[in-house]
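In what comes next, chain A is part of two complexes: it sits with chain B in the first one and with chain C in the second one.
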Partner chain A sequence: MDFYFGLLQIIGVHTILGLSAYIVLLTGQVTIAQAGFFAIGAYIAGMLTVLAGWHLVPAMLVAALVAGFVACLVGFPALRVKGLMLVVATTAFGEAVRLFWFNFDYQIAKGDVQVGPLGGEGFKQIRFFPENGWTTGDVALFIWFWVAVIMAGLWWMDRSRAGAVLRAVGEDELAAQSVGINLTAAKVSAFAVGGFIAGIGGAIYAHYTTHIEHANFGVILATFAIAYPILGGLSSVLGTLLAVIFIQGFLVEGLRFLGDWRNLLFGALIVLAMNVRPRGLIDERVLNTLRRTFSIGQGGGNA
Partner chain B sequence: MAVLEINDIVTAYGKIEALKGVSLSVAEGKITCLLGPNGAGKTTLMMTISGILKPQRGAIRFNGQDLAGKPARTVVGQGVALVPENRLVFPEMTVEENLKAGAYLRRDAGKVPSDIASVYERFPRLQERREQYAGTLSGGEQQMLAISRALMARPKLLLMDEPSLGLAPLIVEDIFRIVRELNNEGTTIFLVEQNAHMALQVAHHFYLIEQGKIVFDGSPDEMEEDEVIKRAYLGSKV
Partner chain C sequence: MVDFIQNTLDGIFIGSSYALLAIGFTLIFGVMRRLNLSYGPSIMLGVFAGTLLYIQLNAGLLVVGLATVVGAVLAGLYVERICFWAVRRGAALASMVSSFAIWMQLEEAVTIVFPDRTYPFPPLADFTLKLGPFWVRGEHLIMFICASLLTILLHLLLYRTRFGLAIRAVSENPTAAKFMGINTGLVVMFAFALASVIGGVAGYLIASTDQQVTPLFGLWATFKGLIAMTLGGMGSIPGAIAGGLLLGVIEAQSVWYLGTEYRDLVAYAVLFAFLVFRPGGLFAQKSAMQSRLAARRV
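Entry: the complex of A and B
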């Protein structure tokens, strides 16, 4: 049973990570910085619960606010670069964050042990869950509560004026300006909200793994972050969830019996999926079918 | 009465000045047309007026208010809407979502549905395709959508950047019929064109821009009498 709860936890946290990239991708910005915000959330929340003795929820929110604030700062210079150059710039930022934690030591004595982040050795003993007697099931439930909150928030945002603005910026910046949309505000707030969401994901991640180190937050994780929404499709947050289940549940876990051949098949299946469904696993057509089936949004109109 | 007055505008891309001190004025309730060859600075001027590009110097006065260097959202808010060159609809939004985007700055959200309805009345084709992605429309339909999207801001002055570009002659006639119609309903129009023949049929006043400078300013009659313009833009035999 614990294996499945563990898998649920991974899928949940990666969904949050994917959603953090989703909102930035809506504005047409390809970001490799999400692993950096995720790392900031992980380390700050870990330090608050371990060193300051906070409860996880306030620690998580503060960590997410810090990540969101940093993301806001990254958003401004990101305005000046586009496309491939933005990829390079955000990759550099993500690596800078990783290397910061690689060099960062801040340990205090707790009883007869030293706790806190210790550079390359990482940050061990983030034991909020076991210390408070949470079972794996409780943790999974906690994670999925936040997944649900974030998905619902983004779902609502997508259907509101704000969502239309972000999409308009993503489709054509010049046209968006010509109808009076403030490009700076749209792009920077997408970055800030994305950073906040990544911060929540990181905070949860640090606590269920109990041990984090800089190497967890490299380019591979950042690539996964944008792969989920791109593979899932930018029509809806559901696509990101489905893509995480596909990659983490099916490709990573389901194909384990293939041994080392798995990695090869892994890449091939992603390429295949993108070719069969170029607009993502969940595109507008699937969404319309879903809407008709469940009659969602009959009252809300077709906004 | 000039509703838009542009005085000595200089706009540069890096060190290259695309507009080298442009001055002109657009009369209220009229159709003013700016003619000029490729690269003369027509689109640069349109983008400078609409706040997408910032001028190095000069003044842009709309109804007496200074708009030079103000961001696009302020300009749209003052009642100046741009129909951009190459239409630039939002391709992966439906026709109706494009129209709603055009009303983005409107404070009176309650009146937006009736404005959408009147757009559909003017362009029944858009109503037929309201749920369709804008990117799947034909060029002419996209141009109508781009015009409609600009109208959703209820502009007092409509800037149109080469609305006839890349469209079939019959569609071009349609577009110009609409331009005249909008003008008859009271919208002031500032039009950029390369199609001088079509422009002659609708515009009340002409400017000619070459290499970032206004080189001609006059009525349609004066334009038709000008030998140089005749040869270069109207293509008539001398």
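Entry: the complex of A and C
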């Protein structure tokens, strides 16, 4: 049973990571910085629970706020550039964050052991869950509570004016600007919310793995973060969830019996999925069919 | 002062290989307007093809070099067919994600065949020149000369042949190029092959300077190429050259004055500063300013 709870935890955390990139991608910005915000959330929440003895939930929210604030700060200069330049800029930022934690030491004695982040060796012994007697089932439930909250929040935002503004910016910046949308405000707030969500994901990740190090937050993780929403489709938050289940559940865990050959097939299957469905697994058509079937919203318009 | 000049020299020599990587990226970005994350990994595949011949058959320098370039071209064409040709127009993000997936695939393929961390690669030259107070490593000099020759050849190809004209036309405006009777699909494929040739040569020069190769080379090459291209200015070949040399010099100076652990941090900081204060890079500033002015007028 623990195996399945573990899988649920991985899928949950990666869904949060994917959703953090989803909102930025809605504005048409491709960002490779999400792993950086994820790392900030992980390290800060870990330090707050381990070094300062906080409860996880306030630690997580503070860490997410810090990540969101950093995202806001980075957003202003980074969003002066677009397209490929933004990819390069956010890659540079994400790697700079990783290198920062690589060089960061802050340890205090707790009992007879030293705890805290220690540069290249990473941050060990983030033992909030075992110390408070949470079982893997409890942790999985906790993670999925947050996944549900974030998905519901983004779903609601998508249907509100804010979602329309973000999508307008993503479709055509010039047109959006000419109908009076403030591009900078839209992009920076999407960036900041994305950073906040990534911070929550990072905080949870640090606590369920109990050991984090800079190498966990490299460019591969950041690329996965944007791959989920793109593979799943930007029409709905459900796409991201489906893509995470497809990649983490099926391609990574389900094909584990293939051993070393897994990644070969892994790449081929993602490419196949993108060839067959260039607009994502859940695109507008599928979404409309779903809407009609369950008759949510306007009973299926031509969105 | 001697140290500073020596670092600058070393930086320019190393930077000439970054410039080649950046030129490859520029060519691909020029004709496709899409990001190919698999560019570095496809070069890595070529480098490992070279090292395979070296280990198994103890092949000579020329054979290894040829195998590297051929391997890189084959891998590059594989990437082009699967991630760019097959994915429909208008789905640039799908191409990028596909190229990421192929990157993982190429890296996995190489680690299955080569399970160890590092493998030897034949050195090009083993001599050191002394020019006044400055030292020049032989392989650096060869790297610089090869890179310069290749750049001149590329310039001739792009500006003196019909094929070069076709590449430039497709970069300028794919639709108009198509109406003029240019087979854009073919041109894109050849541009990819050309970028892979350049990348293969760069990979060969870098690997023979390091005298070893690792599966991490792919990620490394993608990074260096992208950063160098961005420093110089997107879509400009002189910019790519200048950006590559600048990146080499920045790295050499920061290793000398701050230490190895700050090399990448300094490079990222400079890159970020460039993006903020001079978003067009060294060479493409004019077009960047024009598009910004156009946005401001709205």
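In this section, the second predicted complex is superposed on the first by the 297 of 303 C-alpha atoms of A that agree within 3 Å, B and C clash if a C-alpha of one lies under 4 Å from a C-alpha of the other, contacts with A are read in each partner's own complex, and residues count from 1 in each chain.
Everything that follows uses one rule, which is that a contact is a pair of C-beta atoms (placed from the backbone, for glycine too) under 8 Å apart; a residue touches a chain by one contact, two chains touch by 3 or more.
Quick caveat, the model's predicted, so the values are computed rather than measured.
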>> Is A:Ser178 touching anything from chain B or chain C once the two structures are fitted on A? First, second, both or neither.
In response: both
>> In the overlaid three-chain picture, which partner chain does A:Ala148 touch, first (chain B) or second (chain C), both, or neither?
In response: neither
>> If we overlay the two complexes on their shared chain A, which of chain B and chain C does A:Leu290 touch? Say first, second, both or neither.
In response: neither
>> According to the stated criteria, A:Glu95 is in contact with first (chain B), second (chain C), both, or neither; which is it?
In response: second
> Does the superposition put A:Val30 against chain B (first), chain C (second), both, or neither?
Replying inline: second
>> For A:Ala164 in the superposed arrangement: first (chain B), second (chain C), both or neither?
In response: first
> Touching A:Ala215 in the superposition: chain B (first), chain C (second), both, neither?
Replying inline: neither
> Comparing chain C with chain B, which touches more residues belonging to chain A?
Replying inline: C
> What residues on chain A does chain C touch that chain B touches too?
Replying inline: 174, 177-178
>> For a test of understanding, state which residues of chain A touch chain B in their complex under the given definition.
In response: 161, 164-165, 167-168, 171-172, 174-182, 302-303
> What part of chain B is in contact with chain A in the complex they form?
Replying inline: 50-52, 71-73, 75-77, 81-84, 88-93, 96-97, 100-102, 104-105, 131, 149-150, 152-153
> Inside the complex, what are the residues of chain A that reach chain C?
Replying inline: 25, 30, 77-78, 80-81, 84-85, 87-89, 91-93, 95-96, 99-100, 102-103, 173-174, 177-178, 219-220, 223, 226-227, 230-231, 260-264, 266-268, 270-271, 274-275, 278-279
>> Can you tell me which positions in chain C touch chain A when the two form their complex?
In response: 29, 35, 37, 82-83, 86-88, 90-91, 93-98, 100-109, 111-112, 219, 223, 226-227, 229-230, 234, 261, 264-265, 268-269, 271-272, 275-276, 279, 295, 298
